[in-house]
């Protein structure tokens, strides 16, 4: 099973969409969701200084999952909604990365999660650029 | 068990937030998520003319769930992220209501879902107004 | 918008299912998911003694959401799958209630969450009884 | 960012768990969730003969997500709950694979999804074997 192969068979009809950019965005949202879920899961045992990080990473994972699923339902695609959801995801990704960066020296999961958030923000930006073309 | 009672005990600390407006928003997002999940579930058996409705309602449910959960994690609250997510939810709610309205005469689940989306948009607007105050 | 009204219009075709019991189960799963999400969200700021509670309530919310959504998709209904998922939800509900009960004197959100879990377990049991009839 | 690297840093404390088997299970659940979401998303445009497949794949994706997230929260780990959830996931995976297999000649997304479900069932079996050791 190769998720990338499967995505290549997805059709977006006549949507003005760069399919390659969207597939990279889906993969990055997926990695970000998993990193944020694991980061929150580890944070839970690390005391009150990690409270904000736990909550932000939990929010990040839920938003990334919702955004990724939208991209996998071509028939529900709406450019205005997609733009608004990508914007929300990028805003969350920047806030979550900033929080995780503060703990990156002490906690490897925070370092990974910050990197995953930053990569996701970059991939969402690239996808939005492809939509406006 | 009364969810409203439980919400009243939630604290948002020093967040510039109208708690009553947020609680009404959570309840409306919840009703919207359930209506959209049921609408999509019913659409699935109703043929290709309902394909777009199935996909949009599935997106609506995922976004409403993610938005609602953010409101229930006070420690992760970030005004910029919340504003962007509310905007995305309202954009989705308007698009989903417009789609469901087209089938409202034939399908009761679409009529309910359109109403639930419209109520959710109104409650998100009220909550955003309370945030900017 | 009345979610109960909408549920009453759902059809399960020829499934050997007590629809009233399923609707009560959906409502209780929904209340349980919200209570567990709020309990986890509050736990996050309450230090390491609440770490297990945060994680268990997060698991409870995710499982309750998945179980509830299955009930809202009549065309995907499979008796074997539904029985296994109800069993998993009840097992989780008992474990989560036991954890929350330990903090119920100190934290109101834990007291609410334990009650919501226990109600959900009872409603799942009633629904399973209706399936075996 | 490498999700596998991040998972290797997860600790399950004293849980009687084969970590390698759990990591392979997480990866397979993730691939299964994505394949099922894409399969349901494609089904939506393919008419009433795909209605059951749409609903089952939507259920599969929600259950796989919930199961995967549980594995990423070590502090909430409970052997009884994990066994029940793995059982539910395997039951769903077999039912979803059987449905998708029926359309595998006509629809590539169904062929992929059936393979992803079957792989996930095998990985859950391996993880359960490691838990009972």
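As written, the chains take the letters A, B, C and D, and residue 1 is the first residue of each chain.
The rule we apply is simple: a contact is a pair of C-beta atoms (placed from the backbone, for glycine too) under 8 Å apart; a residue touches a chain by one contact, two chains touch by 3 or more.
These numbers come from a predicted model, not from an experiment.
A.B. asks: What's the farthest chain from subunit A if centres are computed as the mean of the Cα atoms?
C.D. replies: Of all the other chains, the one whose centre lies farthest from subunit A is C.
A.B. asks: Would you kindly state whether over half or under half of the residue numbers at the subunit A/subunit B interface are used by both copies, giving same or different?
C.D. replies: same
A.B. asks: Any idea what the CA-fit rotation angle from subunit C to subunit D is, to the nearest 5 degrees?
C.D. replies: It is a rotation of 180 degrees, to the nearest 5.
A.B. asks: As a quick test, compute the distance in whole Å between the mean CA positions of subunit A and subunit B.
C.D. replies: Using C-alpha averages as centres, the distance is 21 Å.
A.B. asks: Once you find the CA centre of subunit A and the CA centre of subunit C, what distance in Å lies between them?
C.D. replies: Subunit A and subunit C have C-alpha centres separated by 28 Å.
A.B. asks: Subunit A: which residues touch two or more other chains?
C.D. replies: Each of 40-41, 44-45, 51, 54-55, 58, 65, 69, 73-76 in subunit A touches at least two other chains.
A.B. asks: Which of the residues in subunit D end up touching subunit B in this complex?
C.D. replies: Subunit D residues touching subunit B: 40-41, 44-48, 51, 54-55, 58.
A.B. asks: Quick one: which bits of subunit D touch subunit C in the complex? Just the residue numbers, please.
C.D. replies: Interface residues on the subunit D side: 51-52, 54-56, 58-59, 62-63, 65-66, 69-70, 73-78, 80-81, 84-85, 87-88, 91-92, 95.
A.B. asks: Quick one: which bits of subunit B touch subunit C in the complex? Just the residue numbers, please.
C.D. replies: Listed in rising order, the residues of subunit B that touch subunit C are 1, 3, 5-7, 9-10, 26, 30-31, 34-35, 37-38, 40-42, 44-45, 61, 65, 69, 72-76, 108-109, 112, 115-116, 119.
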